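There are two complexes below, and they share chain A, which is joined by chain B in the first and by chain C in the second.
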Partner chain A sequence: MRIFLTGFRFQLRVAWGSPDTLQICVTAPLFTLVFMAIAEHAERPDLAPFAIVSPTLMSLWTLALFIAGELIGDERRSGTLEALIAVPARLSTLVIGRICAVTTLGLLSFAEAWLVAGLVFDRWLAVRHPLPFVLCLVVTALAMAATATIFSPLFILMPSARTVQNTLTYPFYLLSGVLIPVAMLPFWLRPASHLIFLSWSGDLLRDSLAAPAPHDVAARLAAVLALGAVSHLIGMALLHRVLRRVRRLGTLSHS
Partner chain B sequence: MSAIEIRALCRDYGVGRAGDKRTQALSDVDLTVELGEVRGLVGPNGAGKTTLCKILSTVLEATSGSAQVLGHDAATDAATVRRHIGIVFGGDRGLYGRLNARQNLRFWAAMYGLHGAPLRLRVDELLERLGLADRAGDRVDTFSRGMKQRLHLARGLVGDPRVLLLDEPTVGMDPVAARDFRSLVGEMRAEGRTVLITTHDMAEAEAVCDLVTMIDRGRVLLTDTPSAIGEVVPRHERVVAGAVPEQTRQALTALPGVVSVEQEPSGRLRVETADSSVTGTVLRLLVEAGVSDLSTQRPNLEDAYLHLIGDRGMAVG
Partner chain C sequence: MSLTASITAPARIIRYSAANALADMRHMYTWKTWTFGWLGRMLAQVTFFAFFGHVIGSADQTRYLLVGNAVMTCVIESMMVIVSTTWERRVGTLTLLSAAPAPLSWVFIGRSLQWPVSGTLTSLAALFGLGPAFGVHWRAGQILPVTALVVLTAATTYCFGLFVAAVAFNADGARNIISNATYLLMMAVCGVQVPTSYWPDWVRVVAQAIPLTQTLKAIRSVSGGTGPALVPACWAVLLGVGWLVAASWMFQLMARRGRRTGSMGTGA
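Take a look at the complex of A and B:
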């Protein structure tokens, strides 16, 4: 646990003031402005939860993809990965702690989005069901961290995967119901949506902001956690494979 | 039990797209370093020194053979080995530039399981010991290369290791810092730590090492004390003299027992003699010729290095 917390604190220090973190701080309010403007123009105040939840999930995903995903590669390029391998602490625990810090920072984008909706459009959204909402934010951050553990070793095992890094954003936002409800997708595409934890998270977060009490909260939270757990297992297996491979090939310090 | 025990160690690297061409970085290396010993591993670039350190520090797998640290195998019992070693890789990479020196050291101390007051004490003690206390709060990317190297050393010591692996530890250090480093190694020895230093600085190896192992092209050439290694070169003595008249030079060249007469880049004349009686004759000739800029030398570790490995200059491997 100490290694996890050390990684968490370390990443907060490193990320604080870094251009990547600042980018998220800027883009989340910008997306909120655009989505809220569309909702207001269409005279659809019921879409306000979309306008707030979508930038939050997009920020989390972007951070997972571009910061957490580059974590091991950055260590390798800066020459610290060898030293990290040579210490008694488990690298995987450290990596998870650091990725969790990244996703925690991503949660701040919700506060940004909420404030922009209130200050600019005078739509002060009440969180009508705070417990499901907070629980959903927490398990979403955990599932996001778990998913990020796949990206980090994947980009080392398959450098070509980095070339499609950018394409792993908007298609996923559409497929997972972050930008539009899954119900609006073609029928044959919906099963694929349900395999992405963001679809469960987005629905539950929006439902928690609405008046009717959200249904099947425990099951939906469990779905997010289960999909996160599967991602985590895949991520750890990939990480183990990467470390074995670079130790065998002698490419640990290659950039 | 030895601190380090290496047997028939080989390491190949693949070259080419499919790794089809192989280059041998280490070939059947046997090496034993006793507890509390300071061992120098000297050799030119590409000799295999860093590869050996990486295998001992568990970050690289050997192709065959075994490497043990304090009786634990670096390949099969890596977790235990990591608890006992400190590693300093050469160069100025390997630190977190956005963090300050204290934050860097605290992070690495936590990686060795330290926490709370003992962690803070250990970090502050090392910052003081390595002369970094005044800059402890400054970001590492503002440090000079020498300061980064000292911080690397502090990182290597932060886990209180019994075996310390130092890969080119004084690269980038100014002469004063390098001298301080040598006294630090003396302290390590006094504390009973085992130190393996890779270097191609012969003066450094001669100053700090109990034993020196010469390695070249992945093979161990010999292991002995620095002074004994100096004896492996032919037992010539050397006279170096400045402003030697041409007539005297010719006389020296013709003198029986003079092995060679060469001009150094500085313009001084270097005369190698077969034994001390010839050295006396050479000195007398030079003094009679009015030469006052004179010195005599015995072969040192550097001579042995050049004799065994050759003067390959920038050549690698």
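Take a look at the complex of A and C:
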């Protein structure tokens, strides 16, 4: 736990002033502005939850992809990966602590989106079902951190994957229903959408902001956690594979 | 300097610089990664916004969002000039360029030309390839004017992007933020997602000075057959030239400041 918290605190200090974190702080309100403008212009204030939830999930995903995805690579480039592996503390625990800090920062984008809807469009959205809402935010952040553990080793194992790093944004937003409910996607896409935890998170977050009580909350939260756990297992397997490989090739400190 | 030399000298420098831009593009993408990676991502972005029209439940809104966001793809790519203008500093060639007798602006005009070219192709693929799936159908007579207007959008936005790049010349660390924030603001107020009339008067006045507002008006006129496209297109040309002149002036100003403070190699 101490190692986890050390990684968490360290990453908070690193990420707080980093351009990528600042970028999320700037882009999340602007995305909210865009989505809210579309909804208000169409005289559909009922779509305000979509306009607020979507930038939050997009910010979390972007941070996972661009900051968490570079963690191992950055340590390797700066020559500190050797020392991190040589110490008795488990690298995976440290990495998870750091990634959790990144996703925690990403949750701030919800506050930004909520404020933009209120200040610019005078839509002060009440969280009608706070318990499911808060629980969903927490498990979403955890699942996102778990999923992010895949990217960091993947970008080292497959350098070509970084070329398409930017392409893992909108196709994924579309498929996971962060703006459009999965039920509105083409029928043949829905099974794939249900395999992405964000589709469960997005639906539950929107339902928690709506008047009717959300249904099957426990099952939906469990789906987010289960999919996050699967991602985490894949991420850990990839991380071990990367470490074995760079040790074998003697390229721990080479990028 | 003779009139011929005053034209050929900048053209030669821009051409050399554009060759660098092309080399960068070739290094970054193969035709496969561009088509299935980049183009696929941008088409997904257009689909993402057009689907919001489905959520709203309006076919008109879906078509409006499709056209706006398809044109927006060339704007996003053209605005990447803000990011790629820093590359000379990163590879350490900016000090050499600033020591050369040619104005810095000529180099930067050619240095990021890969973006408007790639952006034009992306926009055309989105408009003509994706459009019909969302109810935006094209007649043969509309294809040429719409293509010309997309080229105009990419070119004039590139001029505007050059100006922003020049203003942010010494803010290396904030390049991505400035680029993303600028295009998202354009996406909000230039008539991409909602008509400019939705916004307060002062926002509308600012939006009129951005070429995208004019070219998008022209493209919507052609696609909907609702009015003359020539007037907004001419305004876009004028604005593009204006932003290009402003960018050249700003690059000179920033280069002078950089030489004076000794920050050409390091940024702010």
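In this text, the second predicted complex is superposed on the first by the 255 of 255 C-alpha atoms of A that agree within 3 Å, B and C clash if a C-alpha of one lies under 4 Å from a C-alpha of the other, contacts with A are read in each partner's own complex, and residues count from 1 in each chain.
Following the convention adopted for this analysis, contacts are C-beta pairs under 8 Å (C-beta built on N, C-alpha and C of every residue); 3 or more make two chains touch, one makes a residue touch a chain.
Every value quoted in this text rests on a predicted model; they were computed, and no experiment measured them.
Taken together through their common chain A, the two structures put chain B and chain C side by side without a clash.
In the superposition on chain A, no contact is made by A:Phe4 with either chain B or chain C. Legend: residue contacts after superposition of the two complexes on their common chain; A:Leu33 is shown touching chain C, with no touch to chain B. Between the C-alpha centres of chain B and chain C, as viewed from that of chain A after superposition on chain A, lies an angle of 90 degrees, to the nearest 10.
Once chain A of one complex is fitted onto chain A of the other, the partner contacts of A:Phe50 are limited to chain C, with no touch recorded for chain B. Which of chain B and chain C touches more residues of chain A is settled by the count: it is C. After overlaying the two complexes on the shared chain, residue contacts for A:Trp61 are found with neither chain B nor chain C.
Judged by the touch definition given at the top, the superposed model places A:Tyr173 against chain C, while chain B stays out of reach. In the superposition on chain A, A:Val87 makes contact with chain B only, while chain C stays out of contact range. Taking every C-alpha of chain B against every C-alpha of chain C after the fit on chain A, the minimum distance is 14 Å. For the contact definition in use here, the chain B contact set and the chain C contact set of chain A share no residue.
Residues of chain C touching chain A in their complex: 28-29, 33, 37-38, 40-42, 44-45, 47-48, 51-52, 54-56, 58, 61, 65, 173-174, 176-177, 180-181, 184-185, 187-188, 193-195, 198. Residues of chain B touching chain A in their complex: 11, 13-14, 19, 51, 54, 57-61, 79, 82-83, 85, 87, 89, 91, 93-99, 103, 107-108, 110-113, 115, 155, 159.
Against chain C, the residues of chain A that register as touching in their complex are 19-20, 22-23, 26-27, 30-31, 33-35, 37-42, 44, 47, 50, 163-164, 166-167, 169-171, 173-174, 179-181, 184-185.
For chain A in complex with chain B, the residues that touch the partner chain are 2-3, 6, 10, 13-14, 18, 78-80, 82-89, 94, 247-250, 252.
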